[in-house]
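Please read through the structure below; I'll follow up with questions.
We just call them A, B, C and D in the order they show up, numbering each chain from 1.
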Amino acid sequence: MSHTTKNKAKTLSRVRRIKGQVEAIERALEGDSECEDILQLVASCRGALNGLMAELIEGHLKFHVLVEGQKTLPSQREAADELIAVVKRYFN
Amino acid sequence: MSHTTKNKAKTLSRVRRIKGQVEAIERALEGDSECEDILQLVASCRGALNGLMAELIEGHLKFHVLVEGQKTLPSQREAADELIAVVKRYFN
Amino acid sequence: MSHTTKNKAKTLSRVRRIKGQVEAIERALEGDSECEDILQLVASCRGALNGLMAELIEGHLKFHVLVEGQKTLPSQREAADELIAVVKRYFN
Amino acid sequence: MSHTTKNKAKTLSRVRRIKGQVEAIERALEGDSECEDILQLVASCRGALNGLMAELIEGHLKFHVLVEGQKTLPSQREAADELIAVVKRYFN
């Protein structure tokens, strides 16, 4: 079972929050909101998307690059955690 | 009139395309798609969001930092274009 | 006089700190440091470069897009500040 | 042996090119170059740094998360390649 299936509920609610942010941008445009407010809404949406991507990369690393049932050295888990830390730093 | 109002139709269709991309991520999760496909969908969505941000920054520069009715030197327009080129390069 | 000339000392010291960070990456590679340490050095260097870029964009906006000697409305200054806030958020 | 040691010469020459780019920014500031040229130099330097980071992440994945001497399934290698493709897309 893929990690996206395993964590489906959590990831789906994250995606739906992002959809809500995009809809907020849509409403702001329709309602002729201040351009500056729309800029901030887009910047927040991008931040949320980066967070989603970091979560997916973490899952991909832990469930598909390293796999349950395969012998995994502690150094491999440590290396995966190091990578996740750098990716999160880079994306946020 | 703000540039977001002036270019409302064009910007709205761009936002709705992004909403469609988020809904595609949602469907992919619901349908237990391959994790790799979901990663690619999110990366594309981020690219589209960056494109939207670059467009909004361009509008903000040309309509609010420089304003119609105010005497604007050619060097100011050139400086604005230079900034837009760097922002587009940085965001894409 | 360009803002980069006006703020030369400050910006130069910022660039030299970045050069020092790149030299630290160089030494880490030469000294066969842990890969994870090198990853963190590169991530920090990128953060510093983004900070430099945000500073240059701010200067470009305030000295070349808006110019001394040209009548500038308070709304234009406000719009420039709004843009700087979004750029800093996006780059950091 | 770490991948950064294994690929030391190649990675070092990449880092030295980046150092050269930072020195070019330094010279441009010292020589009161056009602000726009300095902006472009910084944008290129960031691109080179992102390329370096993507290379290091690839090495980290292939040499530390997956390790020689450990039985690795084809699906694990495929998952690592998928991650590298997304990281490269995100960083460039």
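The rule is short, and it goes like this: contacts are C-beta pairs under 8 Å (C-beta built on N, C-alpha and C of every residue); 3 or more make two chains touch, one makes a residue touch a chain.
What you are looking at is a predicted structure, and each value in this text was computed from that prediction instead of being measured.
Visitor: Could you check if the interface between copies subunit A and subunit D is built from the same residues on both sides, meaning over half shared, or from different ones?
Guide: Homomeric contact, same residues on both sides for the most part.
Visitor: Looking at B-D and A-B, which one has the bigger number of contacting C-beta pairs?
Guide: Of B-D and A-B, it is A-B that has more C-beta pairs in contact.
Visitor: Which integer distance in Å separates the CA centroid of subunit B from that of subunit D?
Guide: Those two chain centres are 27 Å apart.
Visitor: Taking each chain's centre as the mean of its CA atoms, how far is subunit A from subunit D in angstrom?
Guide: Chain centres of subunit A and subunit D, defined by C-alpha means, are spaced 22 Å apart.
Visitor: Just the number, please: Cα centre separation of subunit A and subunit B in whole Å.
Guide: Centre separation, subunit A to subunit B: 20 Å.
Visitor: Hey, what residues on subunit B touch two or more of the other chains?
Guide: Within subunit B, residues 36, 39, 43, 46, 53, 57, 60, 64, 79, 82-83, 86, 90 contact more than one other chain.
Visitor: Name, in rising order, each residue of subunit A that touches subunit D in their complex.
Guide: 53, 57, 60-61, 64-67, 70-73, 75-76, 79-80, 82-83, 86-87, 90-91
Visitor: What does subunit A use to touch subunit C in their complex?
Guide: Residue list for subunit A touching subunit C: 36, 39-40, 43, 46, 79, 82-83, 86, 89-90.
Visitor: If you look only at subunit A, which of its residues touch subunit B in the complex?
Guide: The touching residues are 2-5, 8, 11-12, 15-16, 18-19, 22-23, 25-26, 29-30, 32-36, 38-39, 42-43, 45-46, 49-50, 52-53, 56-57, 59-60, 63-64.
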